[in-house]
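Next, two complexes with chain A in common: one pairs it with chain B, the other with chain C.
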Partner chain A sequence: MTPSRPLGRLVLRLALRNRGRTLISVLGVGVTLLAFLVLRTLVTSWYTVNTDISKSDQLEMRHKISISFVLWRRMADKVRSIPGVQQVSAMLWFSGYYKDEKTRFGQLAVEEPYFEIFPEYLAPPEQMAAYFEDMSGALVGEELANKYGWKLGDRITLTGTIYQGDWPLNLRAIYRGESKSTDRARLFLHYKHVAPEGEHSHRLMVKADPTAAKKIDALFANTDTPTKTESVLSVERSWASWSSAVISAINIAAALILLILILVLGNAMAMAARESLREYATLRAIGYRSRHILALVLAEGFFVAGLGIVLALAVAPATLRAFAKLMEEQLGGTWQLYLDGGTVTLAVGTALLASLIACSVPAWRSSRLRVVEALREIA
Partner chain B sequence: MSANGTPFIQLSGVSKIYRRGAESVPVLDQVDLEVPEGAFEAIMGPSGSGKTTLLNLISGIDRSSAGRVVVGGLDLTKRSEDALADWRSKHVGFIFQFYNLVAVLTAFQNVELPLLLVRLSAQERRKRVDTALELVGLADRRDHFPRQLSGGQEQRVGIARAIVTDPALIVADEPTGDLDRDSADHILALLKRLNQELNKTIVMVTHDPAAAQTAQLIRRIDKGKLITDGAPATGAAAAGTAAAKMAGQRA
Partner chain C sequence: MTGAEDPFWTDLIAAGVGMLAAVALSLGLLVLLVSLPYVGVRALAVLWRREWIPLVYNLRSLGRRRLMTLTTALVLAVVVFVLTAVLMLALGIEHTLASTGNPRNVKLIDENALSEWTSWVDSEQLPALGTLPGLARDPAGNPLLSPEMVVLIWAPRQGAVDADDGANLSVRGVQPVAFEVHPTRGLRGARFQPGTNQIVIGKALVGRFAGAELGGSMSFADRDWRVVGVLDHGGTAHDSEIWGDVEVMAPTFRRGYSTVTLTLDERADVVAVSAALGQNPDLSRLLAKREVEYWRALSENYVGFVRLLGSVVTVIFSFGAILGALNTMYAQVAARTREIGTLRAIGFKPRAVLTSLLAESVLLALAAGSVGVLAASLLGRMTFQLTTVQTLSEITYGFHLSPVLALGCLGFAGLMGYAGGLLPAWRASRLPIVEAVRAN
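This part shows the complex of A and B:
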């Protein structure tokens, strides 16, 4: 058995023999792993949003011919008569902006039953009561309130694009999410406030037994407003399916990043091993075994990789926040990118595996060197 | 000869052939050699004559193509790579022409390297390294890096590294080949002390006739054959305190 502390010191000294190269290698590993973390977080967030958002009794009715055709609010009364249907709410996309045209977030005009259909939007009862009583009232998610510094009682003026003009609203309630996947960046306002006549509805949201969907569509099959009713879950999944190509591209990019990590570290370790040929040959001559050299090279590689991993994990939260902000500015909406334990475990595990792959060839070659030839080469 | 009359180093019919693709290059041809325990022998010869190869076979870092190499009663030709590595760590000290110190380690850490293979307390390791550095006269340079030392001082660190495990055999490949005359003389005097005071068996390869004169016996090799047994050299160095300590540790 060899003393671990002096050998650790030897590994440290060898790793820092060329500080410039070591720094570049650490930065290379750190940056590539950071890119991997960002991409994996994007994918993870996407699947979280698109698989956990809904329960199976939440249905969405839309026009069968085109998603841009509207339904009629009066259809809700007929839907309520179908066995298994518990609640129905009209829903309009308000599609306004706050102060700046680029400042967009989800704005839905809904009826009171909407919150029975979607109980995941949780607000104190007294706030919900105040919201329901004020026709100009608004209910916003805590993330949105925090972002703009809104407090209860504040006046929020939206500028409509579908429903033209300025729309002053009173902030009456702030909701939190039932789970991490609940969108906490929405603003709800009253359907009656947006459409006092109550004629049309972009969607009708329904709480019902999933088997009711067919009955609903059958009811409107031979009318001028045929419908397509699906669970919210399947709508989201179809969206996820539609965007699977994007997700696949991100996954491929993540895999390529790992390949880059292997090449960066492998190249650095091959150079380090070449530079250390004299040391390894000398160590072998004075009695170090092949496995000692193997361990030295691997340890040096893992030391560099470890520093890169620490660097990536240290800057990842700030990078994700900056990335989310950038996406909000470019694409609108609110992006929630959190580094979760699973992603960190995957990234660290994959980076260590990549490091092992990257270092294995130089480590093996160094351990297998022929002492006599190596000594002759460096003489 | 050892106590039982057997030579400490015994080569019988040793040949070494290097292969470069289909071509065979004979380097040693049927070499027989006997070196008694406690001897200090020099091997001289022109470049490519096979002297370094002979040294490599004696020290167990290379294998013969034919014949037997027995050192300290151990047949090296029958040992595995790991067994040879273990044997070298305990019984052989290496001195290289270009010192082969690890540039990023201090003199102390370089000398400590062979001891990392031995189960010793940190205190015992420190004691042995300090003694070895004291023996070569570099106790005050223990925390210097190789780049902060002269060539002669680097070689003395190399010698300290070679003796820190108290090996029976020291092999030196052109130990003064990269040094000026004064530094070379200092190194040669040190080798002589190791031989005379600590009874180390030393086999030294050199081009330098003056260096060879330090040895008790000069052997000449040419075209892979040992052709001459030379006259013994003369002279001895005075004993020192550090050498006595080293001998005490060995006991």
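This part shows the complex of A and C:
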């Protein structure tokens, strides 16, 4: 006997028998999985550690003794003379705000070579030319431009904190970013504009062979500004590691969600199986094997879980967008939360595994029922 | 969903989903709100006329379907655990930073500075500061006025394998008066000898950074510093700091004073200090902040983030839990149809059935919630380290549980039980007796 075809229809019938509970279970799976997706996306986008090969030649120089000490801009000339070094740019954190003290975003005052070191922040050539031409020009990421509705040529006035006063800037260029992991919410302005007579630089950004880092540090080792040079990648990694407590808390919460998913679905499937005892017994009586019953319960569980997964995936992008907006309104800053393939795969994979665990007990129990007793008990 | 794609469809879906979610949420809230007086009146009537179904009936019923009860309780407990733990984390950060300040202390900071390490105070300003009104004095009559230099240094972790394994720490160069201005809870070892390279470290650093132990030697700013004492500041941010003689440290770091901390006597307040600063043109660049406020402000953004994250996650979590409770209570009602019919037949009113089942659901949730809160309270002994954009240095925090927080989380558990039990209980109370007793 090969009851494979009617089995599919049976699953559907059984699942739709108690529609209220099936709906509740689907919602339960969907909602918990949605929470999982939100949390995992938050973790992956927290400090986007871009592991592209292209980044290994991006180095960051800072004062060795303290991260809050500044470097000299003139040090750039010495660094340029080191073999393996291609470009050097000074960089200041402008740290201003836009209109309201709460609206802050990354604002970097840089020199022209910066965009050869970080080609990911590149706008169309004619826009870049216009930006380089205009001393009070600004280059912003498309995310930021969309958020505040800025168009090319607009005047953006920032209020400085470190560099006091109002700073009217002309929007000359908008960059799109190479990949999703590029921060598309930055504003660049000219170093010369912020500090026309400036001698300081918070950091020096260098495009060089990674092995040049040691040579750079050796060059300044015995001066009054000893330096520490490392790749931008490892600076980002350090920041991520310093937040590891919160990140692991989020990860633990994500793991607990899976536990909730297992319990909610397992509970629902146990109830469904209990209610369907008479059907299972009848099926067994007309020749279905216990393995068919096992498959039947599992299939019903996966049917419910699958609907839940589809629901969660359909709603996730919108939820992430709303969540990002909420964060921006409450905390300021710019939040880029996008679902990526890895997160989706992980979520679907773990959800399916969780469903398997959740349904295995009721499925196994139902498959082992004693037909005669079950029929008698119910009658 | 990059900006390169047309955002129209995702916006449409987002709007649709948002509206659906909003409608569902407000419907749910409406049902809960409307039900409260409905249920309340009936519950009061039941209590008033002493016609309740004995609670032991509910307990036995829950006991009969042990597995189902346990899984539901576990779900509720996990949700409450996560909620409590996240809020404890946020409260811990806030508590650690806010309790760092002494309520009677005022911090003078450069008006352009965002934090201590970007602030500068000239040593020529110090004599004028000694004449500020309301300064507390030590028994010898010297004002409690502590000029301090704060810098961030890089410290490698204990047993670090590569050079990048470390964190930024705050170093505070102080004069001996700092020990009066920032009273400490205890000191192992001794205070640093002025004029030497001796340092005292906060207890949270011990054993976590290279050389950070009594008798050890830490190296920063191209020098070695001998650890002669370990300070206990009672779990505040100072416990993550290194203190040394400012006269030695200032030339080493080529830096002047950052801030000045004052202790005021009982009658004085920060307003008088601000006014006095404003009148003196040499001092008008300094801003007087209550020390507590300075530290609390450092926690604000991060705490806001953790709280917001915690609430959003908990709302989503609790949906799952409510659905679980709903399922369980529906199944309980379905399985007990005949019992409920019998109860009705022997004279129990519908309102008694409603109250009884709701009480069952709420009590189950409260019991599960207590387990969750208790489990979370065990975290109270744990500490964690964070470097935030506001502090830039690594600070050790503890989880903090307050009675209000514990009660709030328990209340939330009760609410989940109520929301999950409402519809099944209502349905059970309206079952026709004749059909109910015949059900199997």
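Everything below uses one rule, namely that the second predicted complex is superposed on the first by the 352 of 379 C-alpha atoms of A that agree within 3 Å, B and C clash if a C-alpha of one lies under 4 Å from a C-alpha of the other, contacts with A are read in each partner's own complex, and residues count from 1 in each chain.
In the analysis below, contacts are C-beta pairs under 8 Å (C-beta built on N, C-alpha and C of every residue); 3 or more make two chains touch, one makes a residue touch a chain.
Since this is a predicted model, take the numbers as computed values, not measurements.
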Q) So, does A:Ala295 touch the first partner chain B, the second partner chain C, both, or neither? A) neither
Q: Using the touch definition from the top, say if A:Ile260 reaches chain B (first), chain C (second), both or neither.
A: second
Q | Residues of chain A touched, compared between chain B and chain C (which is higher) | A | C
Q) With the two structures laid over each other on chain A, which partner does A:Val371 touch: chain B (first), chain C (second), both, or neither? A) first
Q) Which partner does A:Leu352 reach: the first (chain B), the second (chain C), both, or neither? A) neither
Q. Looking at the overlay, does A:Leu283 come into contact with chain B only (first), chain C only (second), both, or neither?
A. first
(Q) Quick check on my understanding: which residues of chain A belong to both its chain B contact set and its chain C contact set? (A) none
(Q) For a test of understanding, state which residues of chain A touch chain B in their complex under the given definition. (A) 1-3, 5-7, 9-10, 13-14, 16-17, 278-279, 281-290, 292, 371-372, 375, 378-379
(Q) Give the list of chain A residues in touch with chain C in this complex. (A) 20-21, 24-25, 27-28, 31-32, 34-35, 38-39, 42, 64-69, 95, 142-143, 146, 161-162, 164, 176, 180, 184, 224, 226, 228, 230, 234, 237-239, 242-243, 245-246, 249-250, 253, 256-257, 259-261, 263-264, 266-268, 270-271, 314-315, 317-319, 321-323, 326-327, 330-332, 338-339
Q. In the complex of these two chains, what residues of chain C are touching chain A?
A. 1-4, 10, 13-14, 16-18, 67-68, 71-72, 74-75, 78-79, 81-82, 85-86, 89, 112, 114, 117-118, 151-154, 164, 167-168, 220-222, 253-254, 301, 304-306, 308-309, 312-313, 316-317, 319-321, 323-324, 326-328, 330-331, 384-388, 392, 394
Q | Residue numbers on chain B that touch chain A, as the complex places them | A | 53, 56, 59, 61-62, 81-82, 85-90, 92, 94, 96-98, 100, 102-105, 109, 112-114, 116-117, 119-120, 122, 125, 161
